[in-house]
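Please find the structures below.
Two complexes follow with chain A in common, the first pairing it with chain B and the second with chain C.
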Partner chain A sequence: MVRDIRAFDDSRAAAVFLAPTLAVLVLFLYYPSFETFRLSLYETLLLGQQTTFVGLDNFVTLATSPEYHNSLFVSFAFAAVVVVGSLTIALFVAYQLYRVDKWRSIYLVAAIWPYALPPAVAATVLLFLLHPNLGVITHYIELIPGVEFDWFTNGPLAFGVLAVVAIWKQLGYNIVFLLAALHNVPESLAETSRLDGVGSLTMLREVYVPLISPTLGFLVVMDTIYAFFATFPLVDLMTSGGPNGATNLLIFKLYRDAFEFNSLGLASAESIVLFGIVSILMLAQLKLTGEYAHYGA
Partner chain B sequence: MAVEDSSITSESATVGLPDTLWVHLSLVVSIVLMGAPLLLALLMSTQSTAQIYDVTNLAPGGYALENYQSALFEYDLARYIVNSFVMSIIVVVGKVSLSLLAALAIVYYDFPYKDAIFAFVLLTLLLPVPVRIVPLFELMADLGWANSMLAITGPYIASATAVFLFRQHFLSIPSSLVETARLDGVGPIEFLVDVLVPMSRGMIAGVSVITFVYAWNQYLWPLIVVSDQQKQVVQVGISYLQSASQAGQTQWGLIMAGSILALSVPLVVLVALHRPLLETFALQQK
Partner chain C sequence: MTAIELDSVTKRFEDVTAVDGISLAVEPGEFLVLVGPSGCGKSTTLRMIAGLETVSDGSLEIGGERVNGVEPKDRDVAMVFQNYALFPHMTAERNMTFGADAARDISESELSKRAAEVAEMLGIEDLLDRKPAALSGGERQRVAIGRALVREPSVFLMDEPLSNLDAKLRIQMRTELASLHRRLQTTTVYVTHDQTEAMTLGDRVAVMNDGHAEQVAPPQELYDRPATRFVAEFIGEPAMNVFPVEVHGDSVVHDTGLEVPVSADEMAAQDGIDAADLGVRPEDIGIAPLDDAPAGTCTATAEVTVTEPLGDSLLVHCRLGDETVQVSTTPRATFEPGERVALTVDADRSHLFDRETGEAVYHAPKTAVGSSEDRTQRADAVAPGAGGEEIQ
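Right after this comes the complex of A and B.
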């Protein structure tokens, strides 16, 4: 595992070098996380001034709340759509970038820039361009006979719009990783599996995808975490969870329960559920990348 | 490269295009589709509110100066941009320094429970902000840090990912260098500054870009912990713009100008440093 080089002997010096990192991690990561567990067993009243131990009541509340069930369903559905959508498009673009014969660096920068796109900016720009009354894109969509693009009142449409924004923003990240993975495929492996007369997209599906599956597994996990956690600004700026809860992702519900309704105990229980989801995803990633590693570590 | 040989194409046969042309065409179409919303936003940021409400008017409006000036100074975006910039720089410098020191200790020293401590660092990957948001907010209040730069930077200046990446990189540095340094009696800080840092320039640049973009794009945590508008960061700042209206009409030109401004800084950083970023990502998957 850890190759010991041992350039220096004084282990007190090592402690000094590690101390700042460990101090920050303990104070701002571990301590609040443990507090979340503790708080999830309490009910808070009067802006957190009064707390009563209620055991697992908060979890029972969540388990029996139709509103929370809806948020769970919406979040998982959203993650599925965002992961599949973003990875499919990114895989195609990365593959073409890998194959292109010239102007590669220009194409590259033009394709990965959404990595720098702030989610709040992505949300604001598309809120305007897709605005039911003012959006120029909406105007052209509605030229199709019988189409009314009013996602302010139509739940599934709002969900779709939010997914488009989330996919758009995540393309840069996915393309960067997939392109690196494609470049790591040994030439000879692709060469031997090359089938004569096979189309380039078939090559991608039959030859490259299996070879880069560890990276795809990694990205499925990272994109799922992204869809669960980093999409808060999209909901906050575009839909506020509506219409009728159609976009009320877990992270947005948690924010409202904690900071609008001051149900700190309940919100902490929601945090614990999110912790469970992250943990499962991370473990799955470790297992996946171990099992499907097709080429050298 | 691998698949450009024209003997193995069939899409080209179906579409009737040579393979290389099909590659270029699909790239151009993808890139235009990805960039279109941004170009439209840029265009609209030059229009007056009246021009915006004329939905199909896609001509440049000549109000760019008004919109950008108003966003920057009337609506205080200039202040928010400075706040975001200071925050991001503190997080980058803090995270890189702390992580370099931690990786130095982990790779070049031998001490008890080393693997356990490394695992302790890595396990924080399971603890994103939403998992600890309520107690973290209360902690900031208890420390008297609400509305401060400390609150929006402190929780971000240590990182499992950065420690991991620097550790991987240090392990790849030939041990003969370490032996030489040891024989010459070079101290650890000197070794870090004179040997490791120069040999890790690309990795440090890569981690810096990742961290800068990550810090700049934060929204939820500043929204919660900063209530004093003067102290706010630009991502939350653009949501303040949305209340901007004139005679009952939302000033979307102004809001688009603000959005372009909020994006421009990380975009410049990414374009300037995309090479080290790509190399760092390539290493992360090994």
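Right after this comes the complex of A and C.
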């Protein structure tokens, strides 16, 4: 006799198994999301203990705030620099690691260890290394005649330093993925090109980049999320959004509005706008990746 | 001047010796096939010729120049890989021109002209705009061959190029490759593990085993006069039967009493041999029911164990003493498992191999390639009234 055996036929058992995951999701994701959306329609005092319904006033405030416009501009510029910078450098480093024969593991560890550092530790260490008055690296940079490396007061310089640190921190993540993708490209393609005498940069541009484009697409998405959300500790510990708002990224601004200026309603509105921006960027990037990335023969 | 010359070439990967002092000379325009079982070093030898592997020891020359340390691109060779090695994101045409375009000073118009000519030669003119994913296995292999042709190299290297194709397509491509080589006359070194491919394509075939060449010879010579027991068993399908015998002057005797005469003159040269391995191909053994057994030597009684109808012949597995012997007979013969039969060895087609070294110590006179007997038989086959049909 053949018994009809179906996995998880018992819906009650399925519910029990799913309950812990659902509970965590509801408690830490859906409920806070809903609360954020609700709070964005209120003006709040004392960390949300007193609330007044104001409709879309918080969004109107954001749309008319020059400070917020600056933050938007800084965040987009920062994301563009970090995504392009970290991917370009990581691609070059990963390609060299892929081609090198000796001591590959040592080079690999050297290339990816910044990713293993907690962001707060990395930011603190780099703050000291790059400190305008005390930094060892600053000392050597300022040996160049005419160069003053005072990024505590120079806005564009602070933006540059923060971008370099953010790129450096993200390199390891990108390198690991890119190296894995490069190793998936059949070796015979490189061999046939060696026989033809195709140069290594031509190979990278015409063969490897198209063939690892799905991974590149994935990394563009992940690096964008990183640049918009995960660079908060770097800003917080190194520049506090300054000088003159030059590094006041959206994620840092909304944190200050919420917890320094006690404007939970306004910060919630900023969260929703930020969420919307990143979501639209993700959709656009995924669509582009789907259209242009090469997913194998 | 030889096109390619390997002199005691060795390749070691740490403590593993993949190729062990191989020496080969490939003549200009020749089609040389390297054949052997997996791991025998044939692909490594080819890759050393290409420059994709370094040579650990020995000398490698292409066109009379030593190329041991020369970059692959400077050897003027093109290679066709087993997995085609096509760029999946490029069209067939771009695949064919990419290497030549990226690395050489060839004008775009010249390159397009060459690609068009090669595509016409290979019958892929209509596929040039397609990417590899939209091509069948045979079409991909044609594009891969086309890429090598566009380069116009002095040497073609082919590493099992037909292995990924199905049986029917493989036979078709095999014929096309042979005809292409006949037309272009480019020196070609071809690696395969398929002995049929080796026999049908090669002007000469190098049978490799354990990192060295056992024998390098034209296909028919390999079949008729194998230099070693390994070659005898590797070349030919079904494989040659080999079983131990004692040497008694002008005959060899098996445990079962089977006695096969050998040329006393030739055996005299093999001083002191009293035991050897007798090799006989399945088609050189006659099989008959016991009642019809011919009298005399060369005959022994055996028991049928399995029969395999192959369409054009019947392969009968027999138990002869402790040995299993394969006999190829006429397709409609009827033998049943368990039946006692008489096996008759054709003494004129027998071989003896040294039991220790495996080297051939004796080939029966009629195994000589192009022997007068062979020519007479061919003439008889077409002579009117001689049992053959007259060719009009």
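What we mean here is this: the second predicted complex is superposed on the first by the 265 of 297 C-alpha atoms of A that agree within 3 Å, B and C clash if a C-alpha of one lies under 4 Å from a C-alpha of the other, contacts with A are read in each partner's own complex, and residues count from 1 in each chain.
One rule holds for everything that comes next: a contact is a pair of C-beta atoms (placed from the backbone, for glycine too) under 8 Å apart; a residue touches a chain by one contact, two chains touch by 3 or more.
These numbers come from a predicted model, not from an experiment.
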Could you say whether A:L189 touches chain B, chain C, both of them, or neither, answering first, second, both or neither?
second
Which partner does A:G199 reach: the first (chain B), the second (chain C), both, or neither?
both
Would you sort A:W113 into first (chain B), second (chain C), both or neither based on which partner it touches?
first
Classify the contacts of A:E260 with the two partner chains as first (chain B alone), second (chain C alone), both, or neither.
neither
Among the partners chain B and chain C, which is in contact with a greater number of residues of chain A?
B
For chain A, what residues appear in both contact lists, the one with chain B and the one with chain C?
191, 194, 196-199, 202, 297
Note which residues of chain C are touching chain A in the complex, please.
50-52, 71-74, 77-79, 81, 83, 85-89, 98-100, 102-104, 131-133, 147, 151
In the complex, chain B residues that touch chain A
1-4, 7-11, 14, 19-20, 22-24, 26-27, 30-31, 34-35, 37-38, 40-41, 44, 52-53, 55-56, 58, 98-99, 101-102, 104-112, 114-115, 117-118, 120-121, 124-139, 154-155, 157-158, 163, 171, 175, 178, 181-182, 188, 191, 213, 216-217, 219-220, 223-224, 235-236, 238-239, 242, 252, 255-256, 258-259, 262-263, 266-267, 269-271, 274, 277-278, 281-282, 285-286
Of all residues in chain A, which touch chain C in the complex?
186, 188-189, 191-199, 202, 206-207, 210-211, 294, 296-297
Complex interface listing, chain A residues touching chain B:
1-11, 13-15, 17-18, 20-25, 27-33, 35-36, 39, 48, 89, 92-93, 96-101, 107-121, 124-126, 128-129, 134-137, 139, 168, 171, 176-177, 179-181, 183-185, 187, 190-191, 194, 196-203, 214-215, 218, 225, 229, 232-233, 236-237, 251, 254-255, 258-259, 264, 267-268, 271-272, 274-275, 278-279, 282, 297
